[in-house]
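I'd like to ask you about the structure that follows.
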Amino acid sequence: MNLDILWYLVPSVIMFCCGVYGFVTRKNMIAMLVSLELMLNSADLNFAIFNRFLFPDKMEGMVFTLFAIAIAAAETAVAIAIIINIYRSIGSTEIVETNKMKH
Amino acid sequence: MFGNILIWFVIIPVLMMAGLGVCRNSSMAAIRAVMVIGSTILLALAIWLCVDFLALRGAGVDDEMLFTGSWMWYAPLNIHLAVGVDGISVLMLLLSAVIVFAGTFASWKINPLPKNFFLWFALLSTGVFGFFISIDMFTMFMFYEVALIPMYLLIGVWGTGRKEYSAMKLTLMLMGGSAFLMLGLLGIYWHSAPAGGELTWNILEIARNNAVDPSWQNLLFCFTFVGFGVLGAMFPFHTWSPDGHACAPTAVSMLHAGVLMKLGGYGCFRIAIYLLPAAANELAWIFIILTGISVVYGAFSACVQTDLKYINAYSSVSHCGMVLFALLMLNQTAMTGAILQMLSHGLMTALFFALIGMIYGRTHTRDIREMGGLMQIMPYLGVCYMIAGFASLGLPGLSGFVAEMTIFFGAWEDADMFHRAFVVAATCSIVITAVYILRVVGKLLLGKVHDEHHLQLTDATWFERFSTVTLIVCIAGIGFFPNWINETIQHSFLPIIHALQNAI
Amino acid sequence: MGITLPILILAMPFFMFLLLGLGGVKMSRKVAGVLGILGMGTTMTLAYIVAFTYFFSGDAAFIIDGVRQQFQVFDVTWLAFTERLVVKIGFLLDPISAMMLVVITTISFMVHLYSWGYMESERGFQRYYAFLNLFSFSMLGLVVATNIFQMYIFWELVGVSSFLLIGFFYRLPSAVSASKKAFIVTRFADLGFLLGILTLTFFTDTFNFVDMTSNPMNVLAQTGGATFMGASVLTWAMVLIFTGGMGKSAMLPLHIWLPDAMEGPTPVSALIHAATMVVAGVYLVARMFPVYCVVEASMTFITVVGAITAFYAAVVACTQIDIKRVLAFSTISQIAFMMVSLGVARDGMPGGEHYSGLGYMAGMFHLFTHAMFKALLFLGAGALIHAVHSNDYTKMGGLRKYMPITHWTFLIGCLAIAGIPPFSGFFSKDEMLAAMFNNNWIWGAWMTMVAGLTAFYMFRLYFLIFWWEENPNYKHHRPHDAPWQMSLPLIILAAVSVVAGFIPFGELVTWNGVSYHIHLEAPVAVTSIIVALCAIALAAKMYMRKNTLPEKFRKAMPGLWTAAHHRFYWDELYIFITHKIIFGIICSAIAWFDRHVIDATMDGFAKVTQKVSFAIRGLQGGNVQAYVLWYFFGAVALALITWICLL
Amino acid sequence: MVGNIILYFVVALVITVFSVMAVTTKKILRAATYLLFVLLGAAVFYFQLGYEFLGAIQVAVYAGGIMVLFVFAILLTNKPNENENPLRSHRQVVGVIASVIGCGLLLWALFTMPMLATAEGTRSLSDALTSGPDITMKMIGEAFTGTEKYQYLLPFEAVSVLLLACIIGGVTVARKR
C-alpha cells in the first residue's frame, strides 16, 4: 500500500465538488461563503500536493498556497463586511433578496 | 513639435475645451467668448496655413506633403503622430474652420446646457481637424472616431424629434462602418511593407512601398471604401443621414453635413484609392453603380419629402454620392471636381441647415406644408435660402456649378458606354435637383402666407446674419474664382493619379 | 479697341445689380429707378459705341478686304478642367454679337424707362430693377461669349433671371408655379445642352467658338466618324446642343413654359420673353452655324422642329383670350420662323453665290426687327393692361378713341409683324421666305401659310382690342393713355419698327462676314403681301364690328377650336407626366423603398440584435449561483470536447 | 508508515464526511463548524506532506481567524435555531448533477492523466518527502524577502497592501451610517 499522489487528490476533489454543490444550492450568503471556502481549500491543497509529489525540490506551490490563504482571508473579511451591511439594509442574508438593488 | 503649425489645429480646440471647462454653465457671455475667440483663431490659422501653403508651392516646393512632422506615439506598433498637408487637406481645413466659425454663431442661443454643448462641439472639431492633418492611418482613424462619438450626445441631448432613435442609429451605422474600416486599415498595415521591411501606418510610406499584395487589395479596398462610404452616405448605407440630420441641432447638422460627411470622401481617396490603386482600378465599377444610384436615388427621394431637413438630407445623399462617384472615375479632373463638390456641398449644406435651424426656431415646424410666403415675413432668411438653393442646383457664380461641371467634364473622359451611361444618369440629377429645390422654395418662401401666426415673426438677428454671410461669401467666392482652388487640388492629385496609372 | 468699354458693358449692369440688390432696401423708389435707368442708359451708350466702332470704323481688326472678322477683345482663364479644356470668360465681337449688344441694350433701356411708369406702385420696385440688371448682365455675357461654356454659364444665369422676374409677384401662386415651370423646363433642355457640350468638346478639345467654327470640317474629322445608335456622334452633339436652344426658345415640345411666363410683369415679358432671352436658341444656332452646316441631319432637325412649332403656335394664337398669351404664341411662332430660316441656310446653295447663307442673314435680320416690334407690341399690351386692369380682350374693345398713342403704335407693330411694306417685318420676312423657297418650295409654302396665319391672329387681336364694341365698364373707369415714361418707349420702338427695314442689314451681318446686298425677290414678296392682306381682310371682316361670324366659325369646328384653345393639351400631358408619373410613381416609390426596405433592413439588424439580447439577458441576471453553474457546465463541456478530440 | 496511512484514512474520512455535511446541513452555525473540521483536516494533510509552516498558517488563519469571522457574522445575522428555508428543488437537482458529473470527470481525469503515470507521479509520500529538501523557515523567509527568481518580495508587499485595503474596506463597508 503506497500513499501516492492520487490518494491525496481524491479527497480534494470531493471537497471541491461539495463546494460547488453548496455554492449553487445555498440561499444564505454566509453558507455560500462556507462553500466557497471549501473550494478554495481544495485548490490550496492541490497546490501543496502537486508541489510535494511532482516537484519536491521546489517550493512554489507552497508559496502560492500561502498567498492564496492570505488573499482568501482578505476576501472573506470583505465579503462578511458586505453581508453584514446587506443584512443591515434589507434585514436578510438570503441571496434572492439581494436583487432588490436592481429595482 | 509645437513649432508645427498643424499641431495647433488640434491644440486650439483642446484649449477651447479647457477654457469652456472653467466657465460656469450659466455665464453665456464667457462661453460665447471662448467659442468665438477659439473659432476665430482657427479660421485665421486656416487662412494663414492656406496662404503659407500657396506661397510655398509658388516658390516651387513640390513635395507631396508640406509642413510634415512625425512623432513616435506607440513604438511596438510603429504608430506615429504624423502630420502633413497637401492642397486638398489645406482646403478641407479651411472648410472646417469656416463651418466651425459659422456653426458657433448659428448656435448662439443653444439651450439647455450651453457649456456642455460647446464642449462636445469643440471635441468634434478636434476630431475633424485632427483627421485632416494626419497622414498616419492609425492617428487618422483615432481622430475619425473622436469626431464620431460626440455626435451621439449632441444629437441625443440637444436634438429634436425622435432624437434618441436617430442618434443611436447614426452612431451604430457609423460604428459599423468603422468596424469595416478598422479591418481594412489593419490589413493595409500588415501589408504595408515588402517582406522583411518594417511595417508602417504612414500613408506616404505605404504608397511609396506599394507593397499590398494585389490579391489582398480587392478585399481591403472593399473594406475601406465601404467603411468610409458609410460616412459618405453611399447607397445603401445612407439611411442614418436623413434621420440623423433631421434630429440634430443646427450647428451639429452643419458640422456633420458640412464637414463630417467629407471625412468619408477624403478617406476614400486618401486611403482606399491611393493605397490600393490596383483594386481601385479593378473594382471601381461596383462602387460606380452604387454611388450612381445614390446620386439619382437621393435626388428622387428628396422630391417627395415634406420635412425641410429630410429634403436636405436626401439632397446630401445625392451630392455626396456625386463626390464618391467622381472619385471613382479615377481621373484627375473628375477627382478635382469631387473635392470641389466636397467644399461646395460643405458650405451650402451648412448654410441650408443653418437657415433651416433659424426658420425652425421661429415657426417651430419644419413641415413645408405648414409654412408659406416666408419671403414676406423674413426676407433676409428667404433670400439666403434661395441663394443656398441656387448653389445646390448649380447656378453659375456659386460653388455648386463649378463642382458639378468639373465632375461632369472629368467623368466624360472615360469614353466607354458604362461610364457614359452613369454620367448621363448623374447629369440628370441636376434637373431633379432643380425640381426639388424649386418645390421647396415655392412652397416655403413664395406664395401666400400659410399661417397667420407667422406674420409676427422677426427676421434674422445680427449673429444669424453673420453666420450666413460668412458662408455665402465663401460659396460665391468659389463660384466666382474657382481656378486657384482648382489648380491647388489638381496638383495634389498627381501622386494619386500616378499610383493609379502604375497599377494598371 | 481697348478692353475698357467691353468690360464696362458687362460690369455696369452687374454693378447695378449688386448696388440695387444689396442697397435697394435702403433707397427710395425714385433713387432706385433713376439709378437703374441711368445705369442702363450708360450701358446702352457704351454698347452703341462698341457696335458702331465694330461696324463702321473700318479698323483692320474688324474688317479685312470687306470681310468682317471675329475679334476677341479679351479672353481670360476662369477654370481649367484639363490642360486642354479651359473655360475662359471673354468678349467676342463679331457681326451677330455686335448686333445683339444693340438689341439687348436698346430694349433693356426701353424697358427700364417703361417700368418706371408701369411698376411705380408695385412692392419691391428696387428688387425689380436689380433683377432687370442681372438679366441684362447675363444676356450680354451670353451674346459676347467667346466659348460655348461661357455661353452655357450665362445661359443658366439668364434662366435664373427669367425665373426671378417671372416670379416677381411671388405672392401669386400662379406666378410662382409659372416661374418654377419656366426654370425646370429650360433646365431640362439645358441638360441636353450640357450633354451636347460634353460630347462635342470631348472631340474638339476646345470650347472656343472661333476654333470650332473657323474650320468645321476639322471638327467633323476629330470625331473620327464615331457613331451612336445609328447617327454620327457629331449629329448627336449638335442636336443635343440644339435641345438647349429648343428649351430657351420655346420650340415644340419644350414650349410650354413661355405662355405661362406671361405671369411676370409685362415689361419683363417684352424684354425677356419676346426680344432677347427667347432668341438665345436662335443665337446659339447662329453662333455654331458653320458646324451645323457640316451636319446635314441636325439642320434638317432644326428646320422640321421650327416648321412644326411655327404652325402650331400660330394656330393656338388664333384662339387665345389673354392678349399676352396671344403675343407669347406669336413669339414662339416667330422664333420658329427664324429657326427654319437658319435651318434652310447652307454654305453654298443652288441658285448661286447669292443664296449662300441667305437664311442665316435673314434669320438674324428677323431677330433684330422682331425684337423691336415684338417689344413694342408687348409694351403696348402693358399699356392696355395698365389702363383696363385685365389681360383679357373681352374686357377691352373700342379702345382706339381712348388711347390714341397706344393704338397707333400697336397698329404699327401689327403691320410690321404681318409683313406689310414698308414696315420692318416685311423685309426680314421676305428674305427668310426667299431663303426657304430656295431650299425647298415645301418650306416656303408652309411658312408663307404661317405668315398668313400670323397676320390673321395679330389683326384679330388688334380689332378685338381697338374696334369691336366698347366695354360698358369704361363709363365707370375711363381708360387713358399711359404716362410719358411708358409712351416714350412705345413711340421710339414704333419709329424703329417703321424704319428698321431699310437698314442695309446684309452688309453688316452675314455668316461669313462677306457683305451681302439685300434685294427683294418679286414673286416671293408679292405672294406674301397678298397672303397677308387677305388675312388682314378676313380678320377685319370677322372682328372689326361686333358680329356673329366668329361664333359661327367656332361652332363650325368645335373640336379643333377647343383643342387649339387648350393648346392641344400639351400642358395636361406634361402635368400627367410630372405629377402622376415622376412624382406619383417614381419619387413616391423610391421614397417608400427607402423607408420600408432599406431603412427597415437597417432597423431590422438593430431589432434582431435587440431581440437576441432580450432573449439571453436572463443569463446575465446578477445571480452568482447561476453564473457558477454556467461556468461549471462550460468547463465540463470544454473538458468533454477535449476528451472527444483526444479520442 | 502504517501510522501515516491510518492518519491519512482518518483525515480523508473527516474531510469527505464533513465537506458533505457542511453543504447539506440545515443549520448555518453547524455548517460553519463542519467547515472548521474540514479546514483542520486540510491542515493535517499539510503537516503530513511536510509543509509544517503551511499547516500552521492554515490553522492560525483559517481555523483561528476566518472561522471566528464566520461565527461572528452568523451570530450577527441569524436568529438562533433558525433553520434555513428549503431551497428551490430544481437548483438542488442541478447542483447534485453538476457536482456528481464534475466529480466524476475530475476523478476520471485524475486516473487517466499521463503526468501522474510517470515515475514522479507514482512515487509514494515517503519517497517524495525524501527526494526534496526540508522546507525550513529560513528558506521561506528568504523566498519572501528577495527579489531574485523564485523570490516573492513584490507579491508579498502587494498582499500586505491588499490586506490593508481590505481592513479599510471592511471597516468602511460594515460601519454604521
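For reference, chains read A, B, C and D in written order, and residue numbers begin at 1 within each chain.
What we mean here is this: a contact is a pair of C-beta atoms (placed from the backbone, for glycine too) under 8 Å apart; a residue touches a chain by one contact, two chains touch by 3 or more.
What you are looking at is a predicted structure, and each value in this text was computed from that prediction instead of being measured.
Here A-C and B-C were compared by C-beta pairs in contact; the pair with more is B-C. With centres computed from Cα atoms alone, the innermost chain of the structure is B.
In whole angstrom, the spacing between the mean C-alpha positions of chain A and chain C is 93. Centroids built from CA atoms put chain C at 37 Å from chain B. Chain geometry summary: the mean Cα position of chain C and that of chain D are 99 Å apart.
Each chain gets a centre from the mean of its Cα atoms; for chain A and chain D, those two points are 7 Å apart.
Along chain A, residues 20, 24-26 each make contact with two or more other chains. Residue positions of chain B touching 2 or more other chains: none. Multi-chain contact residues of chain C (touching two or more other chains) are listed as 625, 629, 632. Interfaces, counted as pairs of touching chains, are A-C, A-D, B-C, C-D. Listing the residues of chain A that touch chain D in their complex gives 1-11, 13-22, 24-28, 30-31, 33-35, 37-38, 41, 44-45, 48-49, 52-60, 62-63, 65-67, 69-78, 80-85, 87-88, 93-94.
By the touch criterion given at the top, residues 625, 629, 632-633, 636, 639-640 of chain C touch chain D in their complex. Within the complex, the chain C residues that touch chain A are 621-625, 628-629, 632.
On the side of chain B, the complex with chain C involves touching residues 168-169, 172-173, 236, 238-240, 242-243, 297, 300-301, 303-305, 332-333, 373, 375-376, 390, 393-397, 401-402, 405-406, 408-410, 412-413, 415, 423-424, 427-428, 430-431, 434-435, 438-439, 442, 445-448, 482-483, 486-487, 490. On the side of chain D, the complex with chain C involves touching residues 91, 94-95, 98, 101-102, 105, 109.
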